[in-house]
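One chain, subunit A, appears in both complexes that follow, with subunit B as partner in the first and subunit C in the second.
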Partner chain A sequence: MPILEVENLSISFNQYTAGLRRKNIQVISSLHVTLEAGEILAVVGASGSGKSLLAHAILGILPDNALVSGTIKYNGEVLNASTQASLRGKEIALIPQSTNYLDPLMRVGNQVRTSVKTGDATVAQRAVFKRLHLQQSVEKMYPFQLSGGMARRTLLSTAIVSDAKVIIADEPTPGLDPVVMKEALNNFREFADNGCAVMLITHDIESALTIADKIAVFYAGTTVEVAPVEDFTGNGESLRHPYSKALWRALPQNDFIPIPGSQPHPSALPTGCLFAPRCTMATPACSEKQPDMQNIRDGMVRCMHAT
Partner chain B sequence: MRKMLLGKLGIFLLLKGLRMLTLLIAICFISFLLVKNSPIDPIQAYIGADMLKVGPEQREKIAEYWGLDQPVMVQFLNWGSALLAGDLGTSMIFRRPVAEIIGERFVNSLVLMITAWVLSGVIGFVMGVLSAMKKDTWIDRLIKWYCYTLASTPTFWMGLLMLIVFAVWLGWFPIGLGVPAGVLAADVTIADRIEHLILPAITLSIIGVANVALHTRQKLIDVLASDYVLFARARGERGFILFWRHGLRNVALPAITLQFAAFGELFGGAVLAEQIFSYPGLGQATVEAGLRGDVPLLLGLVIFSTFFVFAGNLIADLIYYAVDPRTRESRMI
Partner chain C sequence: MRLEAKNIGFRYGNGPWLFQHVNLTVEPGEIVGLTGPSGRGKTTLCRILSGYEKALEGNVTIGGLPIASKGVHPVQLVFQHPEKAVNPRWKMGKVLNEGGRPDIELLDLLGIEQEWLTRWPGELSGGELQRFCVARALGAGTRFLIADEMTTMLDAITQAQIWHAVMEIAKKREMGIIVVSHEAKLVQRLCDRVITLTDPN
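Entry: the complex of A and B
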């Protein structure tokens, strides 16, 4: 059984537009994702495709004006606001996207200690700093005194000391030099090998491919494909969705051809398949209704012409 | 490192001191000119009701005694050089050294201002925190309404209202003055003094809370919407713990700073409140000196209040410098 299942998740925001009219902007639509213990799922997608919102929705920390539908299951149990609150920081840990997520007026050692749920917080914090090669003096520093790499490792520490079963890392690698980045990625592999489930959110497909087990491809607020990492090979012929194939071929080591056009804004989504305006395989039927998620060859895809 | 820090602090204080000095000279000069050009006759102010009994010759003598027959610039320079020698001059209406009067009045005012300052600071802060934590509930609306209404209420109006309700109608408090009328100074008890202090202090506090409360509310709302509070929630923190760990530490510093920087408003408020409650503090002395053309006293008060307001601002700056780790420890790496 998957440890975390997200089914049919939709998120929209109530916004006031000109003339005080209320407008509902759909930013995530019928999204599916599952996470298995011992496995790294990489979530890749362009900026603005809803990756961070998915993470926040799982933890139940979306802003008040967000409307959420669909179900999120943890260990087979459907979550609600109060069960989400009791899982936060204990069973599910977030490694946030930027170092702004550290309290600017609190020493970082203390911030890591507040994540420790059982046992001696100081001992746990010092141990994790040692493991991540942070000197002991770092615990007395404030966030503004940390280098980018140190701040990332501090954020990582908060997840390690929490002993959570599910770790959601929201773009944990930008700004790291290659050595530190490799180390950070190895840490995630270690988490998974120790039985945790890791959701690695990133827009760096190449590094995701080096450690992930499965890749979920996001486009305009939904998953268009979930594929085993082995399918990202050759010309992308094992991939199921035209967008995944195009993404794969756009990488520098492949054809390096960018996909023409751009991701639609949440306020102007197409009616049918969200990728239709940019898809070379599109047929008139594609623009009629959004294709359903279907299982194909050990993966999932949202395209009516997928093979 | 320590030395560098002190060096920087020294330069900072030096620059502040220079600014203070130029400001002081300018303010003194302007006040001097204003009083000199006002229609009040200082000699008449000095003599008071006996004016009719004074002949032109005596008038001239008095003018000569006070140096009033000399050109304005010379008068200013005379006063300035005496000041540099540490002499604030003699008050014309009280006929006692200005320094003595300011010292005596300041003690009265200080008690009033400190009481109002602490009350408005603490209550305002708590109101702001409550309002932000319960944003958009009836508590928040009530507090906001109170603050906006008060922010536009003149102090003298509030003072009169308090006086009418609590002193005249209900008779709970004395109508004015710093001590009971007709009681020997030696017989005045602390309780008497406190009784006379309550109404003016409450008047000042009622108005003073608005600023801190609204500022704290906005700041805490921003903090609660920040990424670091989102992350704290992601780690399972909520409610009071969340406020205690991340809210308080991020809103307390700006609130304290704001409260120190509000010394000027406090002083201005005290001037009005003291006038209404006939409370014998600096404010009342300022009004009298202005109305009766007592130049030495007025200038003495101007210098003193400038120092006072400046000290508040300086403390506010220093607190940021000393307490905020971003400025305190930035030179340690």
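Entry: the complex of A and C
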């Protein structure tokens, strides 16, 4: 049984336009993700494709003007606002994307200690700082005294010392140098190997490949493909969706060749396949309706031309 | 007109020296990578080169002359977070023309659509906003561009789009670029040579 299961999730925001007039903007539509125990799922995709919103929806920390539909299950139980509140920070931990999430008025050592639930908090905090190459003097510092990478490591520490079963890491690696990055990623792998699960939201496909089991590719608020990591190889022939292939080829270590155009704005989504306007394989049928998720070769894809 | 930093030293307040005796030269048209572990002062060095901070030791010159404290700074910095680098209460057209009017050709190259100019910053994605920040930094007076983790927050396709445009402009204008990034593969792909900022001790 999956430890975390997101089914048919849709998120929209109610926004005021002019005066008292409001409009509803759909930002995530019919999204499916499952996370098994012992597994690391990497979530990659265009910036603004709803990756962070998914994380916030799971934890139930979206702003008040958000409308959420669909179901999120944790250990087979459907989550609601009160169960989410009791799970977050205990069973499900978030490593937020922005280092602004640190308390600006509290020394960072103390911040990390507050999330230790069992055992000696100070010992646990010092051990994790050592592991992530933070000097002991850092624990006495305030967030404004830290560099970007140090603040990032403090956020990582907070999740690592908690006894969470699921870690949702939202872009945990920007600003980290390779040594620390490797240490952080190894930590996630160990965590998963101990029977927990990690959802790793990232742009860094290369390092995701080194630790993840599966990769979910997001585009314009939906999952276009879920593939095992082994498929991200060569020229991307084994990938199923044209967007995943384009993303793979655009990496600096591959061809570094971009496709033209940009992801559609949530207020002006195309009617059919969301990627059709930029797709070289698009046929008239693609713009009629959004294709359903189908299982192909041990993975899932949302494209009618996929083989 | 080479950019030259000699013997630069900097510290915040009375704290320990962040770095000292840093030397760096960038020739026109040259693409230089700057890497190093986090917390060693890469961003601070960029801020000194582009005139946001003043070095406590040493000096920065262009073509052997100190940089004028008035007018357009010939070294322009593009930051990691575009959403923090634009005024949220200005429409994008005003943001774009903040430091002079960039030519249409540049906008086309960067893929900036006319329709975006009437939007608010909150209505664009990070990748779209970053294109504006790049266009704004590439005014006629810019001799050197510093990209401080410019595309770290962007997906690979947007990253490749922006870098292809920037490299083309740099080539055409004989502009020097400093690329600050932890992504070894990106630095390897773009740069002529790489400088690593090491421990001051």
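Keep this in mind: the second predicted complex is superposed on the first by the 306 of 307 C-alpha atoms of A that agree within 3 Å, B and C clash if a C-alpha of one lies under 4 Å from a C-alpha of the other, contacts with A are read in each partner's own complex, and residues count from 1 in each chain.
Convention: contacts are C-beta pairs under 8 Å (C-beta built on N, C-alpha and C of every residue); 3 or more make two chains touch, one makes a residue touch a chain.
Computed from a predicted model, the values in this text were never measured in an experiment.
Q: In this superposition, which partner touches a larger number of subunit A residues, subunit B or subunit C?
A: C
Q: If we overlay the two complexes on their shared chain A, which of subunit B and subunit C does A:S162 touch? Say first, second, both or neither.
A: After superposing on A, A:S162 lies in contact with subunit B but is clear of subunit C.
Q: A:P174 in the overlay: touching subunit B, subunit C, both, or neither? Say first, second, both or neither.
A: second
Q: Just checking: does A:G48 make contact with subunit B only, subunit C only, both, or neither of them? Give me first, second, both or neither.
A: second
Q: Going by the contact rule set out at the top, does A:L105 touch subunit B (first), subunit C (second), both, or neither?
A: first
Q: Return first, second, both or neither, reflecting whether A:H203 touches subunit B, subunit C, both chains, or no partner chain.
A: Only subunit C; A:H203 stays clear of subunit B.
Q: Spell out the part of subunit B that touches subunit A in their complex, as residue ranges.
A: 226-228, 230-238, 245-246, 249-250, 253, 324-326, 329-330, 332-333
Q: Across the complex, what residues on subunit A touch subunit B?
A: Counting only subunit A, the residues touching subunit B are 56, 59, 61, 85, 88-90, 93-94, 96, 98, 100-106, 114-115, 117, 142, 144-145, 158, 162.
Q: Which bits of subunit C are touching subunit A when the two form their complex?
A: Answer in residue numbers: 35-39, 43, 80, 111, 123, 125-128, 149, 152-161, 163-164, 182-186, 188-190.
Q: Across the complex, what residues on subunit A touch subunit C?
A: Of all residues in subunit A, those touching subunit C are 44-49, 146-150, 152, 171, 174-181, 203-206, 246-248, 250-253, 256-260, 262-263, 265.
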